[in-house]
């Protein structure tokens, strides 16, 4: 056990910190979940990519730096510490890319990864359907075999930033005779083609970033199938329980948020909340320690397994506690929007609270995550 | 709505308060859950009965005062306020008696109630069996028809103070062809007879008050069946969801405990706990308000229904919060037993904490209570 | 001791409920985000609710806070886009400071009086004939306020910062704030009832894993937890109202208790209702957020749960640094 | 950055675990309530655990707190009725204050040194060659203590109030208390693991409503909640130990973090384990209470979760009345 950072890790941190200090634009930033804000963020993503910071853990061949997972955690810590813009391309680089690294062909990696990290091609996840929310295996969208590929039809929903993206990835039923987990195939679908209709859906905070995507015979060439045909569930789950469980919300985010909460307390003190503020600050650091432990194990060849579900439970509940506390500190100013003259910190705590409320829902509800942990970690009988 | 007390309610309160002030012995009292302590408590119960305070809401004919439910709540408030001894006969007067009032024959009421309230005949509940805990309908004990009555066999468990009692009440399967809720009969069983073996079981706090009761052909005369043969489930449930839901833990208990917690705070202050202390003090008073509302409805002819489950959830969770807070205030002294020279308040907070931990388990686990509320109050589909 | 609303009180509550069910469906709440409501306020005037606690001499019903609890609860249930807290709170003050003419206009809905929350803002101040403020323990009047709009999370609650000369009065400030907090608590109970009902309905119909999600224990227990908090908060609101009307020494303490419980209940219910709905509840087009945002707003505007508990703690335990 | 125990550290932990599984079943823990243990303490001496962090010169292993984490955790898992917290905490102090001979006897199990908790008591003080106390920021020694037995909830932890002349030393009191708190935290992690394992086993075998109770979502989620707290507490204990060994400036803060998390995890796990067991868990003859009582005791003796969070709060936010 050596919890100090190696000279090269320290050098990496110093380089990241210096670059961010010199390049992170002053806030507040527009929301990346509106069309105008998204365009602003894409410019930032391009700048990040140009400097080699878009996907540090990727091979240099695809625009990364071959950084270790430890270094990636360090970069994330520095990124959030600097208050840099939220990553609007994260559903590509953090959710699709790990799948491509594990199951993609060389051709796919060559073709897809660099434009993804460069923010030239924009990716949205398309896991949910109207009848497949928590019950992800209940996919109704179909793919019919045609010459050179597939014709896909159906409805995908809650596609984050789907209205601004170029392509989606998700599961399609390629074997009509099957049910649930069997007979599904993991596909990427170009949105710029006939047979695709994208309907933006506003979130409760007013941002328009959700999309419903209606597919009616859109074409998916064979080269856009990831992994084996009919083996999509395995492909999706393997990456869910590998790196994706780690990368969705890295500790740096919560370290930064709780540090800012401490700063907020200094401006809006309330002694009755000291204990709870210390508690969330500690929990964020526990999440950091846990993650360094996990990453050490992964770098030695271990997997993350169902720990990704424990991770998700921990950070989502921590995030909600943190933002609730911030609103408690703010009192009458808590409810003000960013355009209110009296708004504190550009209303980031209210916006953060609203987003934190979604944490126990997205990426698999916390009820489903608890079921998964009960079954896979505690080996309890299925209900 | 009139939340003031009528002159007669006020007079009743004054009379109770005066009698208790003159008669409640100075503490600490021995535990009513040890054999020696039980004997001490029985003497107190006899004194209470002699003065007419044992079961104030009962008809005078059985030793009560014909007091209204409001008056009963008032008496309970005064009783706990005075710090009077815990009622060791409560499983008779609060759990069996309501059943007798609703389903008992005149003969049964004449024969059983007065000796019960007078602490001459001692009653223990016998609901649980090894295979029927949360799943109360899974009763295995049987009753076989014989001349003039029944021969009962089986094992009852977790009979509180069963080792010191004379008789039990519970459900027995009278129709061997039935399963679950059907074919059960509500019976009272004299423990002083052949075919009865009582094994005391120590609780985690060291008191010996649990008992396992083994029945092997013990006799139950017909006159000790309550309600119709084979209709025992209905009899048991009707009273569970009527007065019993109210009487098991009346608000007076929690008003007194939280008032004593405030006193403890004054002796062991800790500003970080002010908010939580105010919270439990408020909740105790919310339970009081809720109960007066319920009782007003009942006195107008309404029932309590599944509200008894909401009650149980509320007071059991409140009690645990209250005692946890007390131990937090006590710090290093929290873990001391009553015979430790440094023990605070005769270790009542530690003992109360241990007992509070049982609250979410006994009288139907809180998980089962939540299921009941979901089904009966919210009308949610059964799982 | 008789802990129940009278038949008359129930009837007024039912009448408000029925009227709002017709006149104030979710679409009307949503519309008030774009264009401030006038119709629902008129309806409440017609029902007598706006003058409920004004003297009969000025066209009011001459009733008290206990009578106001059910109408307020029902306005909360409907998320009526009306600053009813301010009206119910300020009505007795108007009578006390001799603003009889204005009071008469309030009862008919012709005029509106608002109240600046301590450390906070005044709703609909741009439409108000008068802004009341509390300074020290007394009420002050701002007749020519300078207003700055402060857009907030609930688009139907139009907040304004208020500055300007304060004309002092002898009216009791604590009583005014207690009425406001209590009125908000009653609305929070109603808001909670509705959010819970939406979630229960959704849980009965939404199917996943081949069953209605309301059949899963985790979902059931979420909803029961919310119900538990709402059920035990509601009677304390009525109780506090009784103490306010009776002018007992513990009225303000009772208000603090009720408000803290109602605010906690509403916060928890909002969270559980959203969780049970999942993503659909997170959209702007689904109605749940209209109720959630009102709940967030009302549960903090007049002192949040913790602030009211701090008042109770001060009463019980002495001042914090004592 | 390498966040993992070494193979050697794992091996020592496994050895302690295996040895205690054999030599310290629940019956041995229970027996220690009646007659103080000597056998398990001897075993730990034989395994080198008692001298783990004493210099090799006095017969110790010359290791540090990181090395002690797994043995402590395993002693917690077994609820070993041994005052190991006191030994691991006081060992470095003995070396520092020149008690080399005594230290050598501690390593072999011939002698025992105890430590009075701040505001509290000293375990097994009647069997101790020396009682250490902390006064101000320094360690003091009580060589001829007057002891008063203070019976407490865990019958295997024999507490004594300690009075007597205090001989001052230069040894650092904060470091001593941090080692004690951290050792307790490691034991709490082990205790939690065992309570959770008992509850999981019970939930798999106990049937109600025609199914193992572990198949019900409510029971599953109780157990997952406990697991979550234990899993995220454990690495912070190792991390704090590393900071203590490295002597970093934030070592004491890290101990406060780890201790608060471990204490909360153990309290929650005790409660959930009892709830899942139901009445059987509430009996004296079932073993769960032996672990619960140890957890209650250890989670408060060296400062409870809140006290350690208060240290963190002071660090982050300044003094409370600042």
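As written, the chains take the letters A, B, C and D, and residue 1 is the first residue of each chain.
By our rule, contacts are C-beta pairs under 8 Å (C-beta built on N, C-alpha and C of every residue); 3 or more make two chains touch, one makes a residue touch a chain.
For clarity, every value in this text was computed on a predicted model and none was experimentally measured.
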{"item": "Chain-contact steps, minimal, separating chain D from chain A", "value": "1"}
{"item": "Greatest separation from chain A - chain, by CA centre", "value": "B"}
{"item": "Centre-of-Cα separation between chain C and chain A, whole angstrom", "value": "38"}
{"item": "Separation of mean Cα positions, chain D and chain C [Å, integer]", "value": "51"}
{"item": "Of all residues in chain C, the ones touching two or more other chains", "value": "216-219, 221, 306, 310, 320-321"}
{"item": "Touching two or more other chains - residue numbers and ranges from chain B", "value": "271-272, 274-275, 367, 370, 383"}
{"item": "In the complex, chain B residues that touch chain C", "value": "1-6, 9, 70, 262, 265-266, 269, 271, 274-275, 277-279, 281-283, 285-287, 289-290, 292-293, 295-297, 300, 310, 313-314, 367, 370-371, 373-374, 377-383"}
{"item": "Chain D-facing residues of chain C, complex", "value": "216-218, 221, 321"}
{"item": "Of chain D, residues touching chain B in the complex", "value": "117-121, 148-154, 159, 161, 207-209, 213, 216-219, 271, 274-275, 278-279, 281-285, 289, 292-293, 296-297, 300-301, 304, 306-307, 310, 320"}
{"item": "Contact footprint of chain B on chain A as seen in their complex", "value": "271-272, 274-275"}
{"item": "Chain D residues touching chain A - in the complex, by the definition given at the top", "value": "1-6, 9, 66, 200, 203-204, 211-212, 214-217, 219-221, 223-225, 227-228, 231-233, 235-236, 238-239, 242-243, 246, 257, 260-261, 306, 309-310, 312-313, 316-318, 320-321"}
